[in-house]
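Once you scroll down, you'll see the structures, which are given as structure tokens.
You will see two complexes here that share subunit A, one where it goes with subunit B and one where it goes with subunit C.
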Partner chain A sequence: MVTFIARRLVVSVLLLLGAAFIMYQLTALAGDPLEEFYQSRLPNKNQLIAARTEALQLNVPAPLRFFLWLGGAAKCIIPFANQCDLGLTAQGQKVTDLLPQALGSTIQLVTAATVLAIVIGITIGIVSALRQYTTFDFVMTFVSFLLYSLPSFWVGILLKEFVAIRFNDFLGDPQLGPVWIAVISIVVGLIWLGLIGGELRRRVTVFLVSALATAAVLIYFSLTDWFLHPNLGPVLMLILSAGVALVMTALMAGLKNRRAMLTAGIQVVLAMICYFALQPLLNISSIYTILILALVTIAVGLLTGFLVGGPDRGLNMRVGAFTAALSAGLILVDRFMQAWPSYLGESAINGRPIATVGSQTPNLPGDIWIHGVDSFTHLLLPTLTLMLIGFAGYTRFSRAGMLDVLNQDYIRTARAKGMPERVVIVRHAFRNSLIPIATIVASDFGALLGGAIITEQVFAFSGMGALFQRGISLPDPNPVMGYFVVIAVMVIVFNFIADMTYSALDPRVRTRG
Partner chain B sequence: MSIINEGEPRPVVDAAEVRNITVGKSQGRLIFDRFVRNWVAMASLGVFLAVIVLSITSIGAFGIPGWWKWAYNDLGTGLLNGGAPTLSLVPQWLGGDGIHLGEHPFGQTLIGIDYFAMTMRGIQNSLIVMFIIGILCAVIGTVVGAVAGYYRGWVESVLMRFTDLVIVIPVIVLGAVVGKIASEHFKGLGVLGLSIVLGLFLWTGLARLVRGEFLTLREREYVDAARVSGARDARIMFRHILPNAVGVVIVSTTLIMAAAILLETGLSYLGFGIRSPDVSLGLIISQNQTAFSTRPYLFIWPGVFIVVIALTVNFIGDGLRDAFDPRQRKFVPRRMKERETAS
Partner chain C sequence: MKFRRIGAPIAVAAIAAMAVTGCTTTNETPSTTTGGTITVAEVNEVTSFNPNTPQGNLDMNAKLTGYTRSGFFYLDDKLNIIPDKSFGTVEKTSDDPLTVKYTLAKTATWSDGTPVTADDMMLAWAVQSGFFNDSTTDADGNVTSGTTYFDYAGDTSGLGLADKPVVGDDNTSITLTYSEPYADWQLINPIDAPAHVVADHAGVALKDVMSAMQTMPRGDAAKPAAPNDALKTFADFWNTGFDATSLPTDKTLYLSSAGMVLDSWVPKQSITLVRNPDYKGDLKPKVDKIVVRFIGDAQAQVTALQNGEVDIINPQASADTIKSLEALKNVTTLTGNQFSYDHLDISFNTKVFKDANVRKAFLMTVPRQQILDAIVTPQNPDATLDDSQLFFPGTDAYDAAIKVNGSSAYDKVDIDGAKALLAGATPEVRVLYNTKNPNRVASFQALQASAAKAGFKVIDGGAENWGSLLGSGTYDASIFGWISSGVGVAGVPQIFSTKGGGNYSGYSNAQVDSLAKQLQVTLDKKAQDDIQTQIDTLLWGDGYGVPLFVAPGVMANSNNVTGVVYYPGQAGVGWNYWEWAKK
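Then we have the complex of A and B:
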């Protein structure tokens, strides 16, 4: 195993060097950084040319210049020495000063999109595998093909128009008309009907219950101006966290497991107590307080599971931790919602919250909750764009993977042993179908970091993509190379993680030294 | 029958009996039949061909004029009705204006160029890019993958390490840099230059797949048989092994083509692809995105055509995959139903 890892590391470093060399030469071919001066009529034209030639070492031929650049870049490996030198931009800024901020906002963008795409994509993929050749399956297959064929810039602009501008207009007078309520309720009802399936009678019940519930909630929202003063409130909080507890128990332990039910129930009670008790603390919280609270939450969940668990501790601890984390998340969502009215009232926002450009409102006063809402409104549309396109791939992969697993002999064995269907699906099939997906997720994440260029351009988001795009169109080689090094390292690292995960999850895959 | 009873005279076979003998279908025929039975793929093929025919005949190609009255660079007779689209699809008996194209069905740009002609030109360019990238990738990827998989050893190492190198660079980044190079150095070639340069870099994924296929196929008995009977390496590779690996090549070429149109439009949107005054669907979207709220028709149509082309090509690719590899369709609905009724 050690030789395998060492070998992979050496190969990865060589790959990185080779790719960097190719990229450097291509960037050098892509244009002359001095071009803007040739046509200029500035009196000090010659000095400018000489200065930039000096700064970017343009008098050295490109293949050799690469090694000068590499010499500076190699210093990045020395830990804590802070000697990293990725060259200067055409304007004379250090590339290493530009990278961290750009990388930060891109990671923020890509992480949320990837996580959402994975969760939704895998859920839908697996449900459509379980309901193969039903209407739901066909509709989802078509939708995923459609999303797969969408150009991201087009989706982005459509979202800007239909989600941002229309929603902001809607907030001016937040009353849903009866037609909209009917349409939304019917669509929600159809989605639930497709997800749950079953006999005709059950389907009709599911459809009616979910559609009517949605309609009731929407009417309530409309009448109380909920969209201007959103909050979960104690009632919704209780209903939602009880729902979370029920779903977690049903998925992980089965509803007949009284101990798991108790563990989850305790979490709901604790969450309700915290909801009232923690508000003053949350008002003055910083990001670190929230992190600590999150850790405490998960620890409490695990502890409850440990104490209540009896013979099946591991399972109860998992149920406890997941329920605790999700209900605590609800408290946070509620707190962010409480910041919404004052966010809307800010003069910089002026009642039109969903942003179409940039990654934050400049000079926005307020606490972390206001800033959190601000990041949310800015990230919403680009995240949605990336998510819609990424989600299509995961749906297809997880559907194919699940079908593959369901066809295996051990699934038949499990059913023949008399295992409940839940256990067969969740324990035997689902876990094994995740193995190939885990590797795809890891290698996709690296690729997505690089692929967000178009989305960043549509939403004028100042991340890595913008850095690259500015660099290549000027052309300005060093930022391009700085971008490339970060992305290539990410791609290689995540591919490495993908390989490691695969051999860890599937013992049949041998690691050859 | 006749072969077993060697000594006896051959039985006379009459014409009626010949007709009853089922003729074995060739592998190609089986694949073709499976593809034709897939109605989604067939419908997609129909729509795709219709788009090609529409784009070529309307504004013409290769210097031959088409049936449409404007050209993509024609300033026309000035703005009619503020450039609003004249296309109407609602029949008169439904209270609409009746079905007609009108003077400028997709509207006009601000300087009066007919938008229908521009869109058609954009489609043509996208199709050219798509097909050239597809052909280049198929040829280079197949040759590299075949040589690497067949010879193995150091040849394989060198070729595959090179493809690994290129794969490390994300496609859109590679595309942007290469697109910039094409516009710097091959300005005169325009669309052709862009697609050739892109095609020279995008074959790596296909090469990997073909190599994988060759690695397993080269161990088959028929390869040994060919070698023993004195066939040269090139003949074994391209006459004996390749026909058995052709499914992989065709399917992944189709998928590359679907990705290529999204890549080209994306690059043109960013400004690294096709440049003005020529037209690309991505370029006209980027030129008109700010006018969305006032003139949405300038934005909708190019996007719709991108989606239609990419979607149909993806469905065709999926249909081809099913046709070439029926084993992937493990769950046959009829069999599932039989099983359910049996249990």
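Then we have the complex of A and C:
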């Protein structure tokens, strides 16, 4: 094992060096950094050309210049020496100063999108696999291929037009017409029908119930100006957290498990108590308060599971923790919603909340709730863009993986033993189908920091993509190399982790020697 | 046992509860509605508070100083020099030798309360004149001997003609005496960074630097002297000390002497300027705050304007941008020219164009109107042919010049005329252009098709590395662009005189040379225009080439903002920010 790791490390370093060299040469060849001066009528343009030649060391041939760069970059390996020197940009800025800023923007931009794409993609993929060759499956296959093939700048522009500008216009007079209510209700009904499936009678019931419920909610929203003063309120809170408890119990323990039901039920009761009791505290909370509360919530969930669990403590603790975390999340959502009206009233927002550019409203006053809403309104569109495009891949992979596993002998054996379908799917099939997905998730996380060059540009998020793009257009190799180093190291590290995970997960992959 | 089991969690809970209450914040009082904030979208981010170094020489840096630094004058949208008497007065006290006195007004103050003094003007003079430099540099820009003090991105040859300034009026004025007349003297604005800040940060006494400036002789590259330590340290800070990637903790690095002062900077997102409470001058802003958001993509700027996130935009122009802007309600679109133009130049040192008739015939075939209609008209419906090599359309001098400079001969394609001049010859012409620039490609293709009708064989000499091929003699004609500041005459000999650094065409006309030389020492604007018109006429007569079109520019503002005026120069939309108001 040790030799395996050592060999991988050596290969990785050689790979990194080779790739860095090629990258540097390609960047240096990408254009002429002096081009802008050729058109200049300034009397001192020769002086400017000389200054840039010196700043970018253009008099040194690119293959040799690479080693000058490498000399500075090599200092980054010395731990804690803080001597990292990735060079200066053409504007004389340190690349090591720019990288953290760019990384920050990119992480902000892509994290939520990636997580959502993974969760939603895998869920839909698995449901598709379980409902293979049904209408739901076909529709999802169609939708995921459609989204997969959409260019991101176009999705971005469409979202800006419909989700931002039109929605903001709609907020001027938030009344849904009967046509819209009907359309939305029917679509929601169809989605539920597809998700739950079953015989005709069950389908009709599901469709009617969900469509009518949606219509009722939408009418309620329209009548009460809910879009201007959104909130969950105690009734919805109770219904939603009870729903969370049921789903969590059903997925993890099965509805027949009384102890799990009790654990989850206690969480719902606690959540309702907290919903009323914690409001004054939430009003004056800082981000750290929320963090501590989150830890306490999970601890309480675990503790309840531990105390109530009896012989099956581990399972109950999991049910408790998940239910507690999700229902506490609902309280936070409700609190954010309470901040919405005052957010809308801010002069900088002026009643048009959904933003099309940037990551925050400049100089916005207010507490964490206002700023949280502000981040939400800014991240909504780019996150949707990246998610819509990204989730298609996960859907396909998890569907295929799940189908593969469902056809294995041991699944048939498990069913033959008389195991409940829930256990067969969740415990036997789902877990094993995750192994191939883990590969993709690992490599995606590696590529995550590469940023989304086009999405960044469309939404004016100046992250890693912008750093790269600006560097390449001059061309100015130092920022490009800074970008490259981060991405390459991430990809290598995550591939390494993926390899390690396999050998830990699957004895067959383990190498000898 | 039982107690320990339950007791431990209770203790944890109690500690957590204490921690939770300890980590709370008091609510900020909700802000009272501000008197008015205007948000502007700009393409680039700020990289330095000093736009005059080669690395800081970026449009956004210059725009930021436009909001935060007063000067003796500013240029209006018609390129007139408008003096700002509340900052100081400029007075020409003698024509021969040219002597100019700059006197600061009492109201000129930096935002830390320090008055602007002659020390600040001396710093600006030392920078802009390169007076003390005695360095020799090789072709790669490396200094081989001597010292360069200030790395100035501008041209030092103009102010370099002046002797060391005489400080007077209790350290509030300087007087410059030029050794020979300098045509662009009115464009000298001797104010730059606050000298006391540079000295403080460099760790030298301002006194020492000033006395060094008073005692040191003019630098002589032939006899480099040992560098003066105080001045060198001082200059070194000026060279790089104002570069930044985020708001410096030290406020003195971004002092203001104008109506606005920098207040905050969220890297990659925006900067916020607030009203400068210490500003006592005349150009007082009407709004309380100006926010500049960095949005690179033109279409993203348009949608942000539509969505009310920004009030004024300043995107890179394209036909699509204009089209989507014009579809918006409650938005005013401003289009106009930029100070750059595409042009077709003839190479005089090639065989094919030795003959003046061939040159004229070739230029007659250039479909200038067709190129204009295809490239510029969709972006600037008012665009007309650019008929002058020296003046920019929209100025009075341009209107006067095009009537007499002989450009009308080339306004329309004249295939028959070209054929007559060629007398049956079918010359081969290789045309150099930038293959990466779609406008140049389109111009070339239109030219190729049109010239073929008269019998020219136009060979595609397009290249990606066109810039380094300029002046190499490998082509017969070239299509590229000139970018200029739009004011001043220093650029003229640069391009059109025989030994000019930008004369890639091998053009040589003794009359033009002597006129260009004369232009450099002509102080009167009217006389300058006359000389330039003469040069223009000679150029057209010689078949120097033809200007194709002036690059269009676009700005737009939401109708709840007033006072936004299109500006063709690099100061951009913020040139008259003090006139902006919010409805």
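Just so it is clear, the second predicted complex is superposed on the first by the 507 of 513 C-alpha atoms of A that agree within 3 Å, B and C clash if a C-alpha of one lies under 4 Å from a C-alpha of the other, contacts with A are read in each partner's own complex, and residues count from 1 in each chain.
Following the convention adopted for this analysis, a residue touches a chain if its C-beta (ideal position, glycine included) is under 8 Å from a C-beta of that chain, and two chains touch if they have at least 3 such contacts.
The structure presented is a predicted model; accordingly, all values stated were derived computationally and were not measured.
Of the two partner chains, subunit B is the only one touched by A:Ile487; subunit C is not. Which of subunit B and subunit C touches more residues of subunit A: that partner is C. By the touch criterion stated above, A:Asn59 is placed in contact with subunit C alone, subunit B being left untouched.
Contact with subunit B, but none with subunit C, is seen for A:Met23 once the two complexes are overlaid on the shared chain. Looking at the shared chain after the overlay, A:Ile157 reaches both subunit B and subunit C.
Shared-chain residue A:Ala355: touches subunit C; no touch with subunit B. Residue contacts after overlaying the shared chain place A:Ile165 against subunit B and subunit C alike. In the superposed model, A:Gln39 lies in contact with subunit C only, and not with subunit B.
Of the two partner chains, subunit B is the only one that A:Phe145 touches; subunit C does not reach it. Within subunit A, the residues touched by subunit B in the first complex and by subunit C in the second are 31, 157, 160-161, 165, 457. Those residues of subunit B whose C-beta lies close enough to touch subunit A in the complex are 161, 164-166, 168-174, 176-178, 180-181, 184-185, 258, 262, 265-266, 269-272, 282, 285-286, 289, 292-293, 296, 299, 303, 306-307, 310-311, 314-315, 318, 330-331, 333, 336.
Against subunit A, the residues of subunit C that register as touching in their complex are 9, 12-13, 16, 19-21, 23-28, 30-31, 33-34, 37, 39, 45, 47-48, 53-58, 137, 139-142, 151, 153-157, 240, 243, 245-246, 264, 266-270, 272, 289, 291, 293-297, 299-301, 303-304, 306-309, 340, 464-468, 470, 480-485, 490-491, 494-495, 501-502. If you check the complex, the residues on subunit A that touch subunit B are 15-16, 18-19, 22-23, 26-27, 29-31, 132-133, 145-146, 148-154, 157-158, 160-161, 165, 403-404, 407, 447, 450-451, 453-454, 457, 468-469, 472-473, 475, 480, 483-484, 487-488, 491-492. Contact residues of subunit A toward subunit C in the complex are 31-32, 34-35, 37-46, 48-55, 58-59, 88, 90-94, 97-98, 101-102, 105, 157, 160-161, 164-165, 168, 281, 283-286, 288-289, 292-293, 295-296, 299, 303, 342, 347-348, 350, 352, 354-360, 362-363, 365-367, 457-463, 466.
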